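Attaching a single structure in structure tokens format; questions to follow.
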């Protein structure tokens, strides 16, 4: 188990601001800064109750199981890193699991997810599968995976590492990166850029909410989306009004 | 942008009749005429509110983006065909987007879909992804795609053409073809055959609804499904009754 | 059509016990006995009303259609094995269809599923597609497939055999194997082992339900999951109480 | 093991004629008669010494292995159908193996292929893998597969049947169908049509050989390919000359 | 058929310089300018005789065939764009075919390729399949494709357009782009940047050839690869020597 | 960079014995001991000159690149672990690269491979791509990969770790495992079992070589393959003869 790196704290309010923003808006802000693919493609929300989360990443890395290492009694094979992970993710952080896209075995199930929830973990994400999908759909705890997989973890997965840089569904995740997850899916925001994009993301989100009312009222795209100077001014004016009110 | 071809009008009542028929029935009618694969495989409905649509196709074609053409400010790169498309699809027609099956970036999102809805467009279909999936699930406007994709369109897609023949999820779509979409998925009915199949499709649909009551009542398949002469006669008689009634 | 083999009856109560157990628990019990992959990966429940089933398997095998064998009038081509299957699956048994993972055409639709339901069949599973997905979602009859496919069966599938050993979604299924399906998916329990695992599965299920109350109450994983001697004793004591009460 | 069906003999000279024709020409002849996909896609020749074969199909069907059936001593598990197959394919026939496209384990290796060669078998084809690929590349015996796979057969495959209709790489194969394999790959010619296409195939092959000399000499496609009346007449004249000579 | 756009001529010597450079070197030069993926992944050389080519792109676009458009007599269905393409690619240019990655039918065969060769076409590339692979392997004409496919083109492909922007194996190709193909595969160089990279590419190629002699002689990577100042100076000196000599 | 673990030395002669054995034989020996999938599926030899290798594994792990970490000047981004790896693999060991099956960028090229060869490295294996495939095909140094990829490594890959447990093409590789590679592909032999299987593997190889002469001479499979007591005795006798001679 690798020691968690010391990280610079995130600028004040970063997570709070990002919690008010949709993943779509953040993807656009990242694209403008040169990040082409922040989304974990194919990873979908399991909970129908929880909305998502914004949290720092705590990582776990899987490799394929092997018959000499992963014996038929998984609990006694000594590979207990997975339990360690669920007890050591700091409250408020999210556990991100690199299952190398292999959904043949579950990367976890309801017992571990309930424990994470109770410990105040923000959420769990994997590019593999999760078992007990029906239970997880009702749990007020955000979980994301590529498939419902019933098969037990040790059949195909070995837990190799905690808190190392990983790939998850094609996206690099470094411990401490900011993970943004909502009902559409999961994005990775590089830690060094999270503070920088928080304000512009929130501004874009609010401006587009204003624009959306125009489009929903039947106005054309031209001038409204993407927003032109006129609607931007109108939006600014509306802010004055509402703050005055 | 290619000029939309002049097309023969569809026989009167074609779309109205097809609107009363399930995609399954139409697939069977097409198969009998030699069309083996009318379905866009892997394309699923996003709206949980809208039932589907029957409409003529207006096509849009994507190709991969490239760094010299699709710059980091997509709105100012000059590739504004997508906005043109959403403002020029005739009301009552459907926009069908050839995303060459690439779901790495969204082929559109809630703002464009809302605009299409407000303009009276029948629906939007793509073999790529759509962002804002959660919003689209609540929109009373039928959208169909292969995935929820958050990543912004310009990251991986360039809009190349409007109103040219395309492939979408493995099926050829010519401008003016009749697209039939319901809660199960999307079919392409070649324009030249739409009129011909409208009546037989409606008849099969109604006969099978009658048969379904028999099967649901516990009768065997033999003689009923596929329908034999006896049940056909019984069905015809029932029509007489109901028209008399 | 192959003759169904004579099979030893299952030990009394096997199916009843397994009906009280989740697929996850059974997967673990199978893994402990050396079975690594009992799950039909990618096969998901269609019915939102039915919970699943536990039943003996009746198998059907598809191969690719060919233009000389599967003519444009499928009902009259003489390949009526599919209808035979739906009328001959014994009530209480489940029909498992090897569609060789090909979802280009439906492996069945609502009429056949309704007939199976009315005949008392336990459920239908395929690694191909099923049409009329929206109807099936409302049917109080458990159906499982890899996709909603509208295209008619005869376009791409020929029915080759009944009651032979098959592969379905990567798992071998022999006629008479015990199929366990719930809201998470489908497992195959080899017939010879079904009796042996019924009691331990039920015990594990009940113990874990007890453990789950602890985890949900905020207790740590250590000692509880996997269950240690102390919680096992506590669980045994609780059984005494409830049986005394 | 199913009994091999009694089949009508092929018209005299069918196989001999087809042996003089490329797979491309035969694919075209089949297409003209409505057969869209006769090729086993993804199946490639392993032998660099043998040219291919034209022969009747003897089929073998695999399903996934399972730990209770396919034990760690494969030779003593009683599943000896594979050995039976290699000793019972009639000389001059070809063994076609349905490995359901699974290349995780070999469907056979050099010892079995050598035995087939020595017995006068025409060739072996599978949509799975073959081990000992380097040896097979040098063997004067045509073998075709989707991959070189080293892993032993019993790890993932069970031999279920001989001489039943199968699918192989997406194409139906019935015992007795005519398999045509050359350095480009493998086609299935339905038995009932083999005699009918033999002469037209040979004629097309010879005409196109004549046309090819024109194209290679720099003549344009127009009139030559597809061949027009003038070049057909010229070809006919050339036949007269050569038969006179 | 779209009119070929008027293009600025390429800077003098661009193609000649690029012909002396490997695709690897050009990929590196493109990456330094922000182009992440210039390679057509999965497209491989068929000819074992020809080395490759550097040429301007002439594009052809396929869409899926449909039974009403692509009838069983392909030559008479009126879809003769493919023949037009092979007769109208300017000598010295390369034909690049967007087969939307579908290898179920051939995108062409030996007759068309021979005609292209005789007309002085530089080469043919597709992300689909080519038939007559064995013949093409011996032809002194560079062809590239994703698979050997025997099945006739009209079974699955319709030719939709010439000289429009296309995607080929995931890379955008605009008419007039510079295609660089060697024994490793195919790259697309955007036309606007071809001139700019020609000199640096050639310099890198020559410097690395010099470096390669050092590495092959047993020198370490450090200082040599990537080349440091010392070896660059040594290389410059060697140029002086050889130009003096 | 993780410190290489201290490992027990392999039993004397282990590697020497395994060098006389084909991968097929070793796969069978592993299967008998419960290892179902030792092969790196899809990884193929590039060198047409080198036969393969048997060596201890030195591992390297890749994750996806990201625009903030992997800048356009890869050599100066500070991610120099790849160069370190090629200079620090002990002579006689093999470098095994976990590219998480992503072939979009090369995992290395001819310069690094030449350096490895000169340093006495046994071979290089990756489940990604290698550039300069044509050069590598002629190099007397065994390289194995899933594809020829021209695109430069830093475009899609970041080098994360050396000498940690990895997955490569679906198989776990721990530093010090024994990698066996020949013209058919690559196997992983767990270090703890390498000594145990060396003698039985060599014996099986030699016995089967003897059996192969029988099969090649036209003898049946029965009694010979798998070898029965009689041929085993005959083989033992032949050993006596040759040792006496």
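Lettered A, B, C, D, E and F in written order, each chain numbered from 1.
Criterion: contacts are C-beta pairs under 8 Å (C-beta built on N, C-alpha and C of every residue); 3 or more make two chains touch, one makes a residue touch a chain.
Remember, predicted model here, so these are calculated numbers, not experimental data.
Here the chain-to-chain distance from subunit C to subunit E, counted in touching steps, is 2. When chain centres are defined as mean Cα coordinates, B lies farthest from subunit F. Because subunit B and subunit C carry the same sequence, their contact can be compared by residue number, and under half of the numbers here are used by both. The angle of the rotation superposing subunit A on subunit F, based on CA atoms and rounded to the nearest 5, is 180 degrees. Comparing the CA-atom centres of all chains against that of subunit A, the greatest distance is found for D.
For the pair subunit B and subunit D, the distance between mean C-alpha positions equals 40 Å.
Chain geometry summary: the mean Cα position of subunit B and that of subunit E are 37 Å apart.
In subunit E, the positions touching at least two other chains are 34, 36. Because contacts link the chains in a way that matches no line, ring, star or complete pattern, their graph is best described as other.
All chain pairs that count as touching, in label order, are A-B, A-C, A-F, B-C, B-E, C-D, D-E, D-F, E-F.
The part of subunit C that touches subunit D in the complex is made up of residues 34-36, 63-69, 100-102, 158, 160-161, 164-167, 170-172, 190, 192-193.
Those residues of subunit C whose C-beta lies close enough to touch subunit A in the complex are 22-24, 27-28, 31-34, 36-39, 41-42, 44, 182-185, 187, 208, 211-212, 215-218, 220-222, 225-226.
The part of subunit E that touches subunit D in the complex is made up of residues 72-75, 83, 86-87, 103-104, 106, 109-112, 114-115, 118, 131-134, 147-152, 154-156.
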